[in-house]
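Common to both upcoming complexes is chain A, partnered first by chain B, then by chain C.
Let's turn to the complex of A and B:
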C-alpha cells in the first residue's frame, strides 16, 4: 500500500485553485482586490459602486411591498409537513429579524427567530458562543457571523462540523451578492434593517445551493471536478482564452465550465481561486437559466477571494451549439464591451481549433462506471488530489443509481471520520451487509471507495492500488494539471 | 446603399414587470413563463428596418432587483432611449416609474427619448393602473405610452419600431422630409397608443451615431 502512496494521480506543482483542508477556518478572508488595484493603477471608478450602495436609506425608490404578513398566522408548530422536513435552515439578523427560511414563509414564525436570537446573544454575553444543541435525534447548529446568525435544525446524520460548513456556504452566498463590507455597513446604519429587501431573488440561489450541496460530493470534498478532455484540447482552450485577452488589463479570472465541471481556469499571476468561491459560481450558473439567452454583466463578490468588494463578470454561453459557460472576471466595472469582444475572439479560436466539438463530445459521452473500466468489485469512488483541489468520480453504477443519497451519506460519514478534529483516521475500512467502504487519507490525496459487501481487506487494498494506477494513467484527461495565467 | 444608424436603449422598471420577457418576445419570438430574474444586466443587440434605414439598437435589459440598483447609472448614462416598464396589475410598479424619470432627468444631460410601457395587458381583469392615468402621466413628461402583452404578443413590435423612428427623427432632422411612416405604424393600434406630444428636441446630426454603408439584413441580431 505504501508504494501506491507515491502515485498521487493529478498532482501538480502549481494549482489555479487554493488547496483546502476540510473544516478549515471559513472566516479567513484575503484582500486581493486592493492589491490588484494598487498594482495596476485602475481608475477609481470601482469604488463608486460601493459608495453608491452605501446610502441605501436615502434611496428614492420605494421598495415594492413584497411580503404581506397573513393575519391567519398559520402555526407551523402544528404543521406536520413543515415539522417533518429533515433539515431546516434559518438566517436572521443579529437583532433577530428574519431573513431566510428554507421552508415556509419566515414571517409566519417570527417568534422562533426571536428565540434563536435570544439563545445566541445570551451565550454571547458570557463571551462564549453557542455551537450546537442536541435534543433526541435533532441537532441545532448555530453559526454567528457578524452581522448574521445562521441556524440549522437537522435530523440528518450530518455532524455538527458539516452542518456548520453548510451554514458558512449560505453566509458566503449572501456575502457574494452584497459584499461583506456592505452587509456590515447596512447594519451599522440601521440595526433593524430588513435585509430581504436587498435579497429578493437570492433566496432562490440559497435554496438551490442547499440542494446542490446535499447532492454534490464536491462540497464535502472542498474540490471541483474537471470535464474529461485530452490535455492538448484543454491546453488549446486555455491558450485561446489567454491569447484573446492578452490586451485586456485587470482581468482576474477566466473560467469555462459545463455541466458542473470545470473545463479550464485561467488566472491573473499570483492569484488563485478558492474552491468554495468556485462552488458559488457553479451554483449561480446552474440556478440561472436566464444566462442562456444573453450576455450578462454583473457584479459578483467572491468572499474567499475578497469579501470587501466586487469583481465584475461578463457571463455568457459559448454558442448555441456549445453549452459551456464562460465567465470573465475583472476589477474594472466598465470593461463589458472589451470583454464582449474578447469572448467573440475566444469562440472563433475555439471553433477553428475544433475545441467546441471536443467539449460537446465529452459532454455527450456517458462517463464510464466502475464495471465498464474493469473493476467489478468496486461500485463507486471519489478521488481527490489535494495539491490541486480537484477530484474525480465515475458515473453512478448500480445500486446507487436508485439510491444515491445513501452513497453521499456514506461519503460524508467517511469524510468526517478522516477529518474529525479529535481523532482523525488515516485509513478506514468498514463493512455492512449492504456495502464495504475504504477511505484513505494520505499527504497527497484522499480516496473513498465503495465496494461489494463481501470484499475483504486484502482485496479492497489490492483494488484500490489498481485503481490509483488506473487514474494515474488518465490523469492528463481527468484533471487540469497546469495553472495558466493571463 | 442602405443607411445605418445606431442607438442605445436601456430598459428600466421594477423586478418582475416583464422587461426580459419583452425583449425576448421581440428578438426570439418566444415567451417563457418560468424565466429567471435578470442578474446584473443583459445585453442584446437588434436591428429594426424603417423603410430604407436600418436602425441598430444596443439594448441593456437591467435587473429590477433592488440590490442591483446602484449599477443602473452605468447602463442609462449613454442611453438615447429609455423604456420604462411597469406591470398594469401592480400600481407600485407604475409609481416607481416616476422615480426613474426623476433620476434620469437628474443624471442625463443629453436628450433621452422616454417610452413608458404598461406590460401584461392580457391581465386586464386585474388591471390596477387605468390606461388614462398612464397616458396623462406620459404626456405630462413628454413621453409616449404603449401597452403590450409579451405573453400574447400584442403591441410588442410596435414599441421597437416606434423607438427606432423616434431615434431617426431625433438624429436626423430631415428625416421627416423624405419619410413619414410613424403614423402608418401607429395607426392600426391608435386605441392603445397615446398621442405623441411632439417633444421639443434639439435636433442635430450626431456624427458618431451615424454610420453609412453597412448592409444589414432585416431585423437580424
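Let's turn to the complex of A and C:
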C-alpha cells in the first residue's frame, strides 16, 4: 500500500475552495467584503442594514400566544409521532424566545425553549458552556452562538461533533439570510425580539438544509462533488464564463452547478469560497423551485466568506434544455442587468462550444457503480481530495440501493473515528457481520471504502490500491483540477 | 440405646457350639485350621472336630486313649492328624475322613523338651523344642517322617502365625524375640524384634497378626505407675522382613487386655471395663519420625450383648452370655472362645455404627476407605453430611481429597498397566490389586449428587458438587461429562450465571461438545450461554458445529467467515432468502459467486437459479452483478 501513498488523485496546486477540516472552528470569519470594496474604491456601505434594523423596532409586536402555551405543551409530550422523531433541532434566542423547531409548531412548546435557555445560562454563569448531555441513546447537543442558542436532540448514531457541525450549518443558514452583524445588532437593540418575523421562508430552507445534510456525504466530508466532465469541456466552460464576465467589475464568484454537483467555479483572484458556503448555495438552489423559471437577484451572505455583509447573486438556470444553474456573485447591489447580459453571453458561448450537450450528457448518463468499474468486492466508496476539498463517490449499487441510510451512517461513523479530537485514527479496517469498512486518512486524501463483509485484510488493501490508481487515471474528469479566475 | 453409645462391635449370631470343658472332655483349638477339637476321655470316647462355622460339618472319629492330650492338630490338608501327648514326641495318624488308619511317632532330639508343634506346610511339620526347631516332612504312605532341617535356638515359649508361617520364639523371659519364617523345606531366621533391653514379655501379651497384608508383632506393654498400657506394633516391613517398631497404640487403660484384628483394625478388649477400643494404624497420628502414636478412633464401647438359644422341654429358653468373661480365650484374627460355655464366636465390626461415633468426616473417610465393605457406608456418610443444613465445605472437600487420592493412584496404576513399557524395562510385576474402597465419579454422581438433586437441596448440591470437583481438579482428574453437566444445570437452576460464566472462562469445566450443546440449549434462559457455547466449540476447533449454530442463529456471514469449505450454497442462500434481509442475501450470493470453489455450481445446479432470480427481483438495477460472473 505504501507505493500507493504517492497517488493522490485529484490533487491540485491551487483550489477555488478553501480546504478544510470538518470540525474546524466556525467562529473564524474573514471580512473579505470590505477588502474587495476598498480595493475597487467603491463607497457602498452597510447603511441599509442599519436602516432595516431601525425599522424592526417599530414593527415589534407582542407575541400573544404565550398565554395558552402551557396547556398545549402537554399535547406534544403525549404526541408519539413528535416524540418518536429521531432528531429534533431547535433554535432560540439567548433570551429563550423560540425561533425554529424542525418538527411541530414551536409556539406550542415554548416552555421547552425556556428550559433549554435555562440550561445554557445556568452553565454559563460559571464561565463555562454546555456542549452536550447524554441520556441513554439520546444526545442533547447545545451550540451557543451569540445571539442564538441551537439545540439538537438526537437518537441517531451521529456523534456530538457531527451534531454540532449540523447546528453550525443551521446557524450559518440563518446568518446567510440576515448577515451576522445584523443578527447581533437586532438583539443588542431588543433582547426579546421575535426573529421569526424576519425569517419567513427561511424555515423552509433550514428544513431542506437539515434533510440535505443528512442525505449527502458532502456535509460529512466538508467537500463538494464535481460533475464528471472531460477536462477540455470543463476548461471550455470556465473560459466561457471568464471571457463573458471579463468587463464586469467586482464579480467575486461564478458558480455553475447541476444536480448537486459542481461543474465549475470561477473566482476573483486571491479569494476562495469555503465548502460550507458552497453547501448553503447548493441548498438554496435545490430548495428554490422558483429559480427554474426566472432569473433572480438576491442578496446572500456567505458566512464563512464574510459574515458581516451581503453578496448579491444573479441566479438562473442556463436554458430550458440544460438544467445547470449559474450563480454570479458580486458585491455590487445594482449589477443585475449587466450580469443578466453576461449570462446570456455565457449561454451563447457554451452553446457554440457544444458544452451544453456535454453537460446534459453527463447529467443523463447513469453513473457507474463499483461493479461496473471492475471492483465487485467493493460496494461503495468516498474519495476526498484534501487539497481541493472535492470528493468523488460512485453511484449507489446493491445492496445499498435498498438501504442507503445505513451507508451514510457507516461513513459518518468512520469519519468520526478518523477525526475524533481525542484519538484520531489514520487507518481503520473494520469487519462486521454486514459489511467491511476501510477508512484511510493520509496527508493528501481521505478514503472510505465499504467492502463485502467477507473481504479479508489483504484483499481490501489490494482493492483500495487498485481503486486509487483507477481514480488517478480519471482525476481530470472527476475533479476540477484548476481554479480559474476572472 | 441412642446412637452415640450404640456398640459397634458384635459377636457373630451363630456361634460354633461344641462340648464344654468338663472332667472327661478336653477342648483344643487349632488356629491353623481354625478347628475346635473336643476330645472325650483322651479320644477313646470320640473326638469331635468343628470348623469355624456351624455350616462346616463336624468330623467325628475315635482314637485310642494313650494318655492326656497336650495338643492335637490336623495337617493343613486333613490327611494326617498329629497328637502330642508327651514333651518328647508327637504321634501321627493317617486320616481318611472318618477313621484313623495307622499311627507312627516322631521323637524330638535327645535332651530337648518339646514345647509344641506346628504344621508349616501340607506335609511338613515343625517341632519346636527348648533347643530349637526341627522340621520334618511327613510321608503318610511310608508312615514315616523325613528330617529336613534343624535350627537351634533357646526357646522358652513361642507364638505361631499360620497365615504368614511365622513363629516368634521367645527366650530370656521374653526379652529376646526371634521371628522365624517357614518356607517349604526350609526355615529362616529374621531379624530380632527390637525391644527395650531387658524388658520381659509374657506369652499372652504377644500377638502375631497381619495388618494391611504386612505381618506384625503386637506386644502389649504394661506400664508401671500412673502410666497406662500401650500396644507396640512391630511390622515386619523392614529390609528382609525385619521387624520395625512403627506404631504405638495408646490404650489409656491398664489391666488385662486381649487383642483381635478385624478388617485390619486392631481391637483391644479390656476386661476390667468390659469394653473394646478400635485402632487403625493407617490413620495419621502424632509421630516422632519413626513411630506413630495412635489414639482409639472412637470412644471405647462394650461388645453388643448376645445370647444363646437353648432348646428346652416346653419352649426354647435363652441364655444371656457373659461378655468379657474370664473363661474367654481370644485367637487371631477375630475368634473368641468361651470354653465353659462351649461357644466360638467371630467378632464383627459394624462399620456404620462406628462411623456414626466419629464426628470428624475426613477422619471417618480415611477409616472407611480402608475397610472391605466401606464403599456404601462412606457414600451414605457423605450424602448425610451433604444434606446438613450447613455442611462444612472444608471437611467435605478434605473428605473428597482422601477419596480422590485413592482414585487417582488407582487410575495411575491401571494406566501404567495399559501403557506399553519400553523394551528392556522389567515387565510390571503384577496387576495392582484394586483398593478396598474405590469411589469413582459415577459413584459420587449416583449415590450422592443425584440424591441431592431436589429443589430444597439445590444449594447443598451445588456446594457438594463444587467441593468434589475442586478436589478432582486438585488431583488432576478430569471431571466426567455427567458432573460437568450437573454443575451447569445446577448453577442455571440456582440462577448463578455469573459463576457459571467464570467457571467456563477459567476452565473449571472442561470443554466438550456435549457440554457446548447443553450451553446452547440454555441460550434461551441466559443469552450469554450461546456465546459461551460458541467459545467452547471454538476452543475445541469444532468448526462444523459452530457453523451450524451460526446458521441457526441467522449469522450466515459469520458462518461463512469461519470456513467456506464443504458448505452447501443452497442451504446458506435459502437461509439468507428467508431472513428477509436483502443486504444479507446480496453478501451471501456474492460470496458464493465470487468463490472459485462454488462459482461453477451456479452453472451446473439449476436449483440455484431461483436465488439469482430472487436477487434480480431484490436489486433490479444491478443485474450486472449476477450476470457478470
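Note that in this section the second predicted complex is superposed on the first by the 457 of 486 C-alpha atoms of A that agree within 3 Å, B and C clash if a C-alpha of one lies under 4 Å from a C-alpha of the other, contacts with A are read in each partner's own complex, and residues count from 1 in each chain.
Basically, a contact is a pair of C-beta atoms (placed from the backbone, for glycine too) under 8 Å apart; a residue touches a chain by one contact, two chains touch by 3 or more.
Owing to the predicted nature of the structure, the values given are computational and were not obtained by experimental measurement.
Once the two complexes are laid over each other on the shared chain, residue contacts for A:454 go to chain C alone; chain B is not touched.
Look at A:399: by the touch rule set out above, it reaches chain C but stays clear of chain B.
Looking at the shared chain after the overlay, A:299 reaches chain B, while chain C stays out of its contact range.
Once the two structures are overlaid, the count of chain A residues touched is higher for B than for its counterpart among chain B and chain C.
With both structures placed on the common chain, the touch criterion links A:470 to neither chain B nor chain C.
Touch criterion met: A:372 reaches chain C, while chain B stays clear of it.
Common to the chain B and chain C contact sets on chain A is no residue at all.
Listing the residues of chain B that touch chain A in their complex gives 14-15, 20, 24, 28, 34-44, 61, 63, 65-71, 73-74, 90, 92-93, 95-96, 99, 102-103.
Here chain A touches chain C in the complex through residues 369, 371-372, 376-377, 397-403, 406, 431, 433-435, 452-454, going by the rule given at the top.
For chain C in complex with chain A, the touching residues are 555, 557-558, 560-561, 582-587, 590-591, 594, 618-619, 621-622, 624-625, 628-629.
In the complex of the two chains, the chain A residues touching chain B come out as 49, 52-53, 59-65, 177-178, 197-202, 204, 284, 287-291, 293-299, 313, 315, 333-334, 336, 340.
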